[in-house]
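Should a chain be cited, it is by its letter among A, B, C and D, assigned in written order, with residues numbered from 1 in that chain.
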Amino acid sequence: MKRKGMGLVGLFLFMAIPLVMAGNIPKDTLVMAMNTEIFKTFDPGVCFEVEPSAFVKNIYANLVTLDIKDGAFTPVGDLAEKWEQSADGKLWTFYLKKGVKFANGDPVKASDVEYSYKRAVKLNKSPAWLFTDTLGLTEDSIKAVNDTTVTITTNGAPANVVLSVLAANIGGVLNEKEVKAHETNGDMGLAWLTDHSAGAGPYVLKEWKRKTQIALTVNKNYYGDTPAIKTILLRDMPEASDRYLSLKKGDVDVAYQITVEEAAGLRDNKDESVQLFTTPGQTLEYVAMNASWGPFKDARVRQAVKYAIDYDAIINKVREGFAIKNQQFLAIGYFGYKESNPFTRDVAKAKKLLADAGYPNGFEVEIVTNESEIRRAEAVVVQSNLADIGIKSNIIIMQAAQMYDKYRNQGLQMIVAGWGIDYPDADALAKPFADYTVKQLAWRNAWLDDKAASMASAAGKEINEKKRAQIYYDLVKYWQDNGPFAMMYQPIEFWGIGNDIKGFDKAFDGYNVHCDFTLISK
Amino acid sequence: MELGSFIIKRLALMVLVIFGVLIIVFIVTRIIPADPVGAILGGNAPPATVDAMRHQLGLDKPIFAQLLDYLGGLLRGDLGTSLVSSRPVLTDILEFLPATIELAVSSIIFAVVLGIILGLLSAVFRNHFIDHFSRVFSILGISLPGFWLGLILILIFYYKLGWLPSGGQYDMFLFPTRTTGLILLDAMIHGEWNVFWNGIKHLILPTFILGYSSTASIARIMRASMLDVLHQNYIRTARAKGLPRKMVILRHALKNALIPVITIIGLEFGSLLSGAVLTETIFAWPGLGRYIVNSLLTLDYPAVSGGTIFIALIYSVVNLAVDILYAAVDPRMRS
Amino acid sequence: MKRTSSAAGYAKGSSWKKFLYERKPMMDDMKHSVYLWKKTPLALIGTVIIVLFLLVALFAPLLAPYDPIATDLSRKLEAPSAAHPFGLDQFGRDVLSRVIMGTRIEVQIIFIISIISITIGLIVGIVAGYFGGVIDEILMRITDIFLAFPRLVLAMAFAAALRPTLTNAIVAISLVEWTVYARLARAEAIKVRSQPYIEAIRALGASDFKIMFFHVLPMSISPVIVQLTMRMGTIILTAASLGFLGLGAQPPLPEWGAIISDGRSYLMNNWWITAFPGMAIAITVLGFNLLGDGIRDILDPRIRR
Amino acid sequence: MQYRRGDLLDVSNLRVVFDTYAGQVKALNGVELWMNHGERLGVVGETGCGKSVTALSVMRLIEEPGRITEGSILFEDKDLATLSENILNTVRGKDIAMIFQEPVAALNPVMKVGAQIVENIECQRKSAVLAQGARKAGPVTDSGLSQKHRTKETGSVEIMRDMLGRVGLDWQRTENLYPHELSGGMAQRVMIAMALSSRPKLLIADEPTSALDVTIQAQILNLLNNLVRETQTAVLLITHAMGVAAQFCDFIAVMYAGNVVEYGSVQSIFKNPLHPYTKGLLRAVPKIGRTDELQSIPGIVPDLISPPSGCRFHPRCPHRRPECDKNQPRFEPVREELEADRHHVACFLYQKDL
């Protein structure tokens, strides 16, 4: 009996050994929790997903970077000290800062920039179209004139577009020497860069143990101020409840992807240890109708749907208020944005529009969306809204992969989805939403409207800012009346963060386009 | 010598079965009605990029050519390239396999030990309270949905009591030295005892959840086999020798009763590998099961094929090993 | 000669009494089984649970107080109360109604999987066992291939390949379940094949198909059904697991596994969304497993004394 | 202390039942038998009459669902029917040893035969120590058994080898064999070696030869005969063959449906069988030189769940009398015969005072 008792005591003692560091994270370390399944690579020429991009941005320095000044994204020099644009707007010359080093101590030269950009074009991975399509770059477009000067020849895209693209991940500058040392079979370091880094940004990738954690440590050779946080650990926590529990227990500092209900709980009930941080997200959430399908061929039916949807319920109930109403394709604060929210739920008007179009008794339609809890809930709301005007709808939940596959082939009747902004310029929104010739959203919904397409295209080339703004203004009006999209809102992104975290608001302001870990401290 | 030819025969059969597994997996993954390229590129990519990617992956070839490509690659030890991670599938699998092996081995040990004890108690105290209790306890193991129980145990042992971690294989701030990839083994090799104990703590809940589900069948076989053995003549002989009951059971009955239990361990290992898929998801375990689930959800079919083939391979090897063990343990099988 | 004539009489099925007489040991056996079943309290408890489960499924629309799919976002995540004993979920749906209606889905799952997998299993098993030789070898190797997969993994692969819906999950599970029954049916077919009366019937000119259908099939069916009963708990759990992984029933269908999967993000603050369907699965599967365990005991010649 | 009819073993009024799904099987219905040191008693009867149950009951090896409900089993000065399991274990194997009908099945299949014999020797040594000094020492533990070096020290292996030699086996060949590698005859020799290795006072042989080839049967019986004669070991031989019992034993107990119906010396039973069942049994035994036709006993062995009332033999008895189905006849000595013959019978035909 005595021995058994001892064993039991031993077991409890063992249990009681505190978890290493539980609730006791060092001052210079930031621990974040996320479902890291989205991480595929840290290669700036390949990485294109929202969360990983934020990390890549903090590992690689670009020629320019985006800062937030007075609530607007403003390009500022990163590796480049200054730059010039030729008169025709096509030739750009960048002058590099002197004495800047890569993390391994090698100096940053113009040839590294040339190598990195050519590599991105040559690899032709997911983000490559930003270079090749948006800026019209080819391998010959980039030239290192001398050690500190590099020239880029574009297709004449507006300055804001060019600088925004160069500030994106794909513009990350790699250490040519180091990458070449790790080439295998002429892959330009593709395999090695997946989980190693060779940049000049404030952090370096220390370890990526897949499905466990990602560790960044500070770059000792960084040209800027040494950040307060020396180590960033991103723990893989696929379960939302797990992330929230760990945050509450103080085992993590920052929890990504907590549920809206948890976020609302943090917002409404002050917690002594945990707070909520929010920022407008750089995405747009919409309901789209296939303009080549049955009743949706008629613009009045599409309008009826736009008037049927209860936008307020979606924003306040489904998203618990974590969204900003925005019914146009331009995101808030973007070039050409003017508030314009003409649609509110109006059942009578919607019914009349439907009757005018010849569907007084409605019809039956399939609404497709993916597994996201929020989108599913939105689909449920839309379903009951449509029922009110006589349209019977069935919700089909697909995996994202399958949904996008069908969507690309114009194979859906109605979809609840969103669009992440690729670079912070109106062009990145107008083209996909209005110009079917770029084969993006307008095309996917078979809205083959030449007027909208030519307007979007013209605005993309217009250098005169005033004229450009006017075109966007007109396009928004036309698009709202005729387009296949019922734009709902721009989401407010949120994170649960520990109360001792400082500077998070600055660091994550404009998230998904801008994210700067160096501004965080404890 | 008989054993030798038995092993050779089993090996030949195994190769055949694995080949069949391969074909099935290939067919299954190619009938996926969606384009995996969509999964790789996400929602924003324009069609030209999609077509380029499709060509790059050889998806524009006829399916038979794709099968030949795949088989050819296999012979060279190439399981293809993951569409999601862009790494060779084999590299991915070898990264995640050790964690699964660690979990599966600790779970099967847990299940076998607990199952044998429960089965033994059940048989020895047949139809008594202890029997009912241990049977209900083991049957609960296959009845409680592990994915649900796991969540609840995390809530209790991590959040409420703070005794055990919520998931993962080891704590952050630890950067274990790796040699074999098996965390516990590596920790012992390198003398990193804090990693070792930390790893053990992380193993407890997943092992319980995974092993518990296999306990029932082992307990039931053990009980049946023990009841059977207890009625055998040689047990009567042992009792006639005047051996105390405990000795009769431990010395004479136990070993005989264990023989049928061995046969089921292989089968249970299979269901354990299945269960690992769920357990790893709940406990954020960086193993092959989670890799397969995520690959399925992103339609990363080279990864699915590779992972599934690997699981089938492990399962077959374990079963072969169990058969050999069976032959080795039972003297009647040896000759 | 003598044997042939008696077999002929048997083949014509003229003598019902003879039929009964031949099965007298079987009848005695059944009486013995019933006795053992009564003596096993665990099996009795299991039976009670299953009967309750089936009754709930049968009267589900009457028992469910609310529409299991109707959402009311203004009342989402309400805690259990007298009006909603199991609370409301993240869409404001009544959890009790969803759990109750879920029984029908589970019954549907069990029913369809049973039919499909038994049909495939019986066909493969009987054909293999009856013809033997090369056919047997080929069919059994195919069975082996299916058995080389851990079940859930294969079912997952099928479910994902077919597009995750409830129907496809059912098909997927059936596609891995049949092997169990194929092996049983084969063993039974081999036993029946070697019976002298089958020789006699064949001598009388009965076709292979006829023999398989009228003589082998009836003998194979009972062990298969018994085995099925014992596997039902596992089948429900597999379906729920697929639902949990997002590879099975899709929302808003109130399949229990899918409800848990759906509600797991709310576990911390809104336990009732996952707790009740989890208990429903646990109790139902426990019922089937207790019964199955009892049946195994009753049928196990080693324990049956 | 009860009056003892035999100074080695005295079984009286032994009742054993088995609880089955069909009902309670009343297997033993008041069995009476006794024997002195060094005597040989044969228990004969048809299959299912309770011979083996009697044998097992003496060692208290009856298992669930069977149990002893009544009666006493006096062995020397102990009542085995009520002895605690621990003390009983000092008697089992040490004072009373047993060999069984199917010798191969009676040996542990995963243990070498040599080890099984050694185990018995070891066990008895420990029992002896326990029995002598320390009944107060509490439960028997296994500490002394599993130590191999001690085995060597005390020479158990030598005893085992000697015993194997005495039963006619070559120990070098035999001791490392597993039971499935032995023939039935060899296995029974091993069993005998094992049983006699502890020099028991009583050897219970439960149909030791009936599962063996006829030629082997005789060998084994001869072997047994020689060995027990040397050691003056008493033998309780269970057999269904009257001939074997007549040849081997001093006394015979005839059992029918759970009762000893007749008991006495071999001569008295064979020369003067009294019970109608015994008579029937003897008529059914073939004998060289016998000319009259072999006769079987009409009727079948009764169902012991609901046995016939009164004398259980009455439905088959040619001399049935009215009282036979009402009361059970008493088991009484036959008065006209020598006391040394111990002739007893349970039949109303011979009960003078009804």
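Note that in this section a residue touches a chain if its C-beta (ideal position, glycine included) is under 8 Å from a C-beta of that chain, and two chains touch if they have at least 3 such contacts.
As the structure is a prediction and not an experimental result, all values here were calculated from the model.
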**Fill in**
Check: graph minus chain A resolves to one piece
**Prompt:** Can you list every chain that touches chain A and also touches chain B?
**Reply:** C
**Complete:** Contact-pair count is greater, between C-D and A-C, for A-C
**Message:** Suppose every chain is reduced to the average of its Cα atoms; which one is closest to the average of all protein Cα atoms?
**Reply:** B
**Request:** Averaged over CA atoms, how far is the centre of chain A from the centre of chain D? Could you give it in whole Å?
**Result:** 90
**Complete:** Chain centres from averaged Cα atoms put chain A and chain C apart, in whole Å, by 47
**Fill in**
Whole-angstrom distance, CA centroid of chain C to CA centroid of chain D, is 51
**Request:** Give, as an integer number of Å, the spacing between the C-alpha centres of chain C and chain B.
**Result:** 24
**Message:** If a residue has to touch 2 or more other chains to count, which residues of chain A qualify?
**Reply:** 239, 241, 245, 399, 402
**Fill in**
Residues of chain C that touch two or more other chains sit at 163, 246, 264, 267-268, 305
**Prompt:** Which of the chains are touching one another, listed as pairs?
**Reply:** A-B, A-C, B-C, B-D, C-D
**Request:** Enumerate the contact residues on chain C facing chain D in the complex.
**Result:** 32, 35-36, 39, 305
**Complex contact set, residues of chain B against chain C** = 13, 16-18, 20-21, 24-25, 28-29, 31-34, 132, 135-136, 139-140, 142-145, 147-149, 151-152, 155, 159, 216, 220, 223-225, 227-228, 231, 270-275, 277-278, 281, 292-293, 296-297, 299, 304, 308, 311-312, 315-316
**Request:** State the interface residues of chain D toward chain C in the complex, per the touch definition above.
**Result:** 21, 65
**Message:** Can you tell me which positions in chain C touch chain A when the two form their complex?
**Reply:** 71, 73-74, 76-77, 90-91, 163-164, 246, 250-252, 262, 264-270
**Touch list for chain C against partner chain B, complex** = 41-42, 141-142, 144-146, 148-154, 156-158, 160-163, 233-234, 237, 240-241, 244-247, 257, 260-261, 264, 267-268, 274-275, 278, 281-282, 285-286, 289-290, 293, 296-297, 300, 302-303, 305
